[in-house]
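Across the two complexes that follow, chain A remains constant while its partner is chain B and subsequently chain C.
Coming up: the complex of A and B.
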């Protein structure tokens, strides 16, 4: 037997798994202190780089887990969804997202955590997201060409670089460890 | 987090990443009793002596699509097995151990019985119809040229995928 264990057609099971995984993700975010806008914004002032460390840790753990589970035949990587790349709108979206993160102090996941733990700013950020989604949906037709520009399909780093999958995994781990060391050094200097 | 636990996690990450780099591919390697489609294609192209391909699927599936020179399991007699040095059995995705066991235990048991890793699906995907992304680098295109030659040798046709025009997966996922 190999993962994914839930078929695409099993909508009820998929939604159940999504709720369980979402709750676990929210719990992990809250335990890491990322439900607090002050902590998230500390990243941009160089006071507290916990966001980068938590997210990079999650990325490294997931990446190594996916690599070895697939290598041992326990995960069918072909059945795992890879988000499609639309280079230009995603670069633009990243800039807008970053600006919103600095202003609001929360991203979608952490806003849910903040709202669930009774923080009023989290509720208002979620309302802002809803308003933004509705607004974008209403005018999306006018930007359809830009929305689908720079399309590269399901594009991965091994495909982009032509390097073996394992080498890319190793390079990302080295990058993460260097980033952790750099972040700790930077935090000590700022304090 | 205590320094000792953190050091342990860093070491674990370094060891795991080093082993990943040494492993190279994310796909599980063929087992000792399996051969990859690309290796089998090279054997066939080199006209390896004593190679016998056995199709363990139904006769209808065999008639519709089969590997070059393959024989249906029901048509393989003892004489053919006696002459073979290496027998490769295949099914749609992967031949089950039962077919392998049956041939290994035949009265004139052959010394080397292997399963085709990924079956005829892998043969079609990797040998007959390999795919090159339209945005591939020059190096990737050069490497693909070898695969394309092998594909054409067996009557296949290499495919060029425009990743922007043909998204391969329809489901959507978002979040941070």
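Coming up: the complex of A and C.
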């Protein structure tokens, strides 16, 4: 047996898994308190570093799981979709996204959590996000060259650095542990 | 749930430990890789919904858009995987808040900021994030978290610059949050 277990062609099973995985995702985000804009922006004012702790913990757990499952032959990495790299639009898009994030106080996923738990500001973030998507989609044809610039396909850090997969995984774990230690030290100092 | 009083702000008290919630989220993300060979996301659901709306009104404009045309292939914009996932997110969040007795209709804002202003900034921030997420082909979930876990160069680039931009801009918009 080798994962992924559900083929793209099995649309019903795939969409059923989408709802179930989404429900668990939303449950975890709400438990962490990330449906609250004021808690979330605490990250950017050094009051509450929960965003970084949640994201880095999740990233490291999933990264280690993918690494070991593929090493044991249980997960076929070639069948896992790696988001494509387009350097320039991702650099510029990241900057604009980060600016919008600190103004909105919620990212698209956490805005769904906010909206579902009764926060009207979450609903307005989602309305703005949908309106923005319609607007940007209508004008993006004029910026097609920029939109596809710096294209590198499915490009990973091991390929970029020439280091073995396991070494990059270990480096990310060390980075995360250092960030957690730094966050705990910083929060103790602030309180 | 009655949490014991502690040194933290009352609003934080009931939430789970961030490392525990994060590890749980990581297991969910890993389950997505194992079950369907893809990670979690959010912005794609809005891009596909926008594509579906535009194609119904102006099909030629939708087909000409590099953002929308992507969602018109295959099963079409209304059966997008991420839209079903996000419906799940809203359900799961509602269940979690219901169990913890955190469901409450409210506009989250500091006392000094008018309700209308908060909603206007929420909408405007949403528009800016849409521009960013469309260009980056994903947001905090699809690029930073999913791409990050798969060690994608673009995912780490997005994660780094988005958080750097938010931290840099934060002092200038302090009025919105305190």
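As a working rule, the second predicted complex is superposed on the first by the 191 of 191 C-alpha atoms of A that agree within 3 Å, B and C clash if a C-alpha of one lies under 4 Å from a C-alpha of the other, contacts with A are read in each partner's own complex, and residues count from 1 in each chain.
We take it that contacts are C-beta pairs under 8 Å (C-beta built on N, C-alpha and C of every residue); 3 or more make two chains touch, one makes a residue touch a chain.
Please read all numbers here as calculations on a predicted model, not as lab measurements.
Student: Go through the superposed model and pick first if A:152 touches only chain B, second if only chain C, both, or neither.
Tutor: both
Student: Tell me which partner A:166 touches in the superposition: chain B (first), chain C (second), both or neither.
Tutor: A:166 contacts chain B only, not chain C.
Student: I'd like to know which partner A:37 touches here: chain B for first, chain C for second, both or neither.
Tutor: second
Student: Would you sort A:83 into first (chain B), second (chain C), both or neither based on which partner it touches?
Tutor: In the superposed model, A:83 contacts both chain B and chain C.
Student: Once the shared chain is lined up, is A:68 touching chain B (first), chain C (second), both, or neither of them?
Tutor: In the superposition, A:68 contacts chain B only.
Student: State whether chain B or chain C is in contact with more residues of chain A in the superposed arrangement.
Tutor: For chain A, the partner with the higher number of touched residues is C.
Student: Is A:108 touching anything from chain B or chain C once the two structures are fitted on A? First, second, both or neither.
Tutor: After superposing on A, A:108 lies in contact with both chain B and chain C.
Student: Would you sort A:129 into first (chain B), second (chain C), both or neither based on which partner it touches?
Tutor: It touches chain C, and chain B stays clear.
Student: Report for A:174: first if it touches chain B alone, second if chain C alone, otherwise both or neither.
Tutor: Only chain B; A:174 stays clear of chain C.
Student: Both chain B and chain C contact which residues of chain A?
Tutor: Shared contact residues on chain A: 8, 60, 66, 81-84, 107-109, 152, 154-155, 159, 165, 169.
Student: Which part of chain A faces chain B closely enough to touch in the complex?
Tutor: By the definition above, chain A touches chain B via 8, 60, 64, 66-68, 70-73, 77, 81-84, 107-109, 150-155, 159, 162, 164-167, 169-170, 173-174, 176-177.
Student: Quick one: in the complex, what on chain C touches chain A?
Tutor: That would be residues 7, 11-12, 15-16, 18-19, 21-43, 46-47, 49-51, 53-54, 61-62, 64-68, 75, 79, 81-82, 84-97, 100, 102-110, 118-167, 169-170, 173-174, 176-178 of chain C.
Student: Which bits of chain B are touching chain A when the two form their complex?
Tutor: Against chain A, the touching part of chain B is residues 10, 13-14, 16-18, 20-28, 133, 135-137, 139-140, 143, 161, 163-169, 171-176.
Student: Going by the contact rule at the top, pick out the chain A residues touching chain C in the complex.
Tutor: 3-6, 8, 11, 14-15, 17-33, 35-39, 41, 43-45, 48, 50, 53-63, 65-66, 69, 75, 79-87, 89-122, 124-138, 140-141, 144, 147-148, 152, 154-160, 165, 168-169, 172, 180, 191
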